[in-house]
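The structure's right below; bear with me while I get my questions together.
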């Protein structure tokens, strides 16, 4: 029985890149109030030196799961203009929520096409919203017998999977990272900390990928052989070998574009191996991200296995 | 009474990205000959391990000002071709200066339009200049009662502001960084040094920004809520709160593009918080960069305040 | 007498970015079986913490040669699609080799032009190759009295030059790096290791550059004054001064584009100086990369000199 109530709550907590304090506090609350039921009590590492990120250390870790807690969204500019945070899809009429000095805001995205063919995006509201206010997709969580559909499956679902794995985890690290959707910037110091303190340099990226010509709903969790970045073959092969000898359904993904905390780890001054492993979704970066429940189960199962065997 | 003589001198010292040795030496001379009049004597950190950058450490630092000492410009290629250093605006007839093995050079930029619509840039000179010679905008410092206009307000003005703040600074760090205009590369090791040695991870970026639809001449120093990068909200809010409780005029900037030493710090393996704070200018990256004197005063005032209160 | 047999062997060992294990093992075998003939026995640093890279430390090092051991190539996607690794030139009919679970593969690249003007690339093969299989240019080594022509002069020739220099090297470091062709990622941890352990921060990038309007076959090794990145002038001038006082033929290169392990070192949190020094080639990133033998000799000579004098 999957705890989708938690997932729905996670989706509702706002946290665009750079503004992850609320989701961080939600997670700290959840962890401290639930960890007594977990098999192993993790050390919780947080504080200003970790910005709004969290590291959980279980037992004698060899491998770290990275799940980013930030989301895409928008920031208000001048004259009701909107500026993207990360790469949200621009669809006229999308419902957005946020808050500024005058209170809670519920607004709507308007695409304005200019005569020269260019376009820009505004918000529709009866007053000007404070400059620099972050706006998020309005929560809209839809669960059926086979699928879950909601804004921010990317990556509240990756965070939720990490929390499911946490329950039974004996040895390993879970990193809740920030800024993934907008240029990164936290996996450098987070990776440095766990490498220097625990000598951990094996990373699994718990994030959501795309349904494509080669990766389909319901065919299992995707192990990404590459996106814009290329994981080290030797590490990748160990992961695929473990998956093959299991009964967990999985799909091999080969993409030319896209990135993750893995490609960010690659750019650090650290010898991290990394591999992106996640369920695929439709309607990427829109309020309608849709994932098959069976793929979510495969994702949990594969993470549990890999955290033991890698 | 502002010491604009010093600013005029700073503008005249050449120092395109990668070739900052002259401006570095000018600054070391200035600092060592003036610091006796400063409230607090800083430790001066420099040397080959810091390339052409300088770190000044005052008292017990909590926050660091980063001011980049390099400028945009051009480098001579083959056949009188010019290659950009950073992103200078290309305007036919711009006066450029430099020197090579045969002596001082004063030349002019020529835009050549090809029949296929493409264009490239040459220099006009009676001989071929040594390959790889850096060329800078010819100094042309114009001061009125209300504005200063000159090449390289970006960022000799940011450097100059840091030097004004230095006079009264009791606790803090000033970093004179290099390579900012051309891909960065020094804030990584500079940030690492001050983080590891002084545990300083609060950064203020003393640099010059753009006059836009939302940011105007004479309306005060701009606090940037974002450009291509997004500063951490929690840190940004502390800065804005301090500014609000002061009498210093300031403007909130929200841009979709542009970067600084702040966006570079974000990409390091270090948990730096950063915020760009600077006066706005017209005619960005041209020889005619223009800034309002009142905004410069606000910039000094806000830095003095923040270095105490952050 | 140059040992081109070794170069031919190096070219034949597969090793696209991320999959450098075979070329790493080849190099370890070569080094351990030949180092007894070298003037100075290096310390060989390798292991999982160094991924598939190798560091050789000779005597009291001051300068490090970086030679990347990975190559460009392709990876199989879905439906006989090919995805680039690095930036190979796309030429219809290029012969590619690799291996998957069913054995050795020899195939051919097919460019498919769509009616809308777009194009994509496939492989021609009687079965589907395993997803994510790396494919390389088929070895085709052509040696004449004046030139060598082959796939992967970039950078098996740079590796080979480093091995020639190793024979006589008394003090210095040779780094065999990975991932250079596809976004980098190893010079960060490799540079960190040699900087922190040996205080070495002078780098020379042993790699192959382009024949252009300003750099020609047979005119000597190219010292690059810039590509997309700009080496620090002070360091560059020391190198050029040493070259000028020698009898080694060399050419000064000034490019606006391109990058190397040098530009990657620039992005680390380390104060590395770097300079790209390499023979020029025609037919860059194709199976027909062609280099003049005399330029190769100049490259060896200049590296030998610089490793002593820098």
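Going by the order they are written in, the chains are A, B and C; count residues from 1 in each one.
Just so we're on the same page, contacts are C-beta pairs under 8 Å (C-beta built on N, C-alpha and C of every residue); 3 or more make two chains touch, one makes a residue touch a chain.
Fair warning: this is a prediction, and the values are worked out from it, not measured in the lab.
Both chain A and chain B derive from one sequence, and where they touch, under half of the residue numbers involved are common to the two copies. A turn of 120° superposes the CA atoms of chain A on those of chain C, with the angle given to the nearest 5. Centre-to-centre spacing of chain A and chain B amounts to 36 Å, using the average Cα coordinate of each chain. Looking at chain C, one finds that residues 267-270 touch two or more other chains. Interface residues of chain A, counted against chain B in their complex, comprise 17-19, 21, 49-52, 75-79, 83-85, 131-132, 134, 179, 182-186, 188-189, 191-192, 267-270. Across the interface of their complex, chain B is touched by residues 201, 212-214, 225-226, 228-234, 236, 252, 254-256, 263, 266-271, 273 of chain C.
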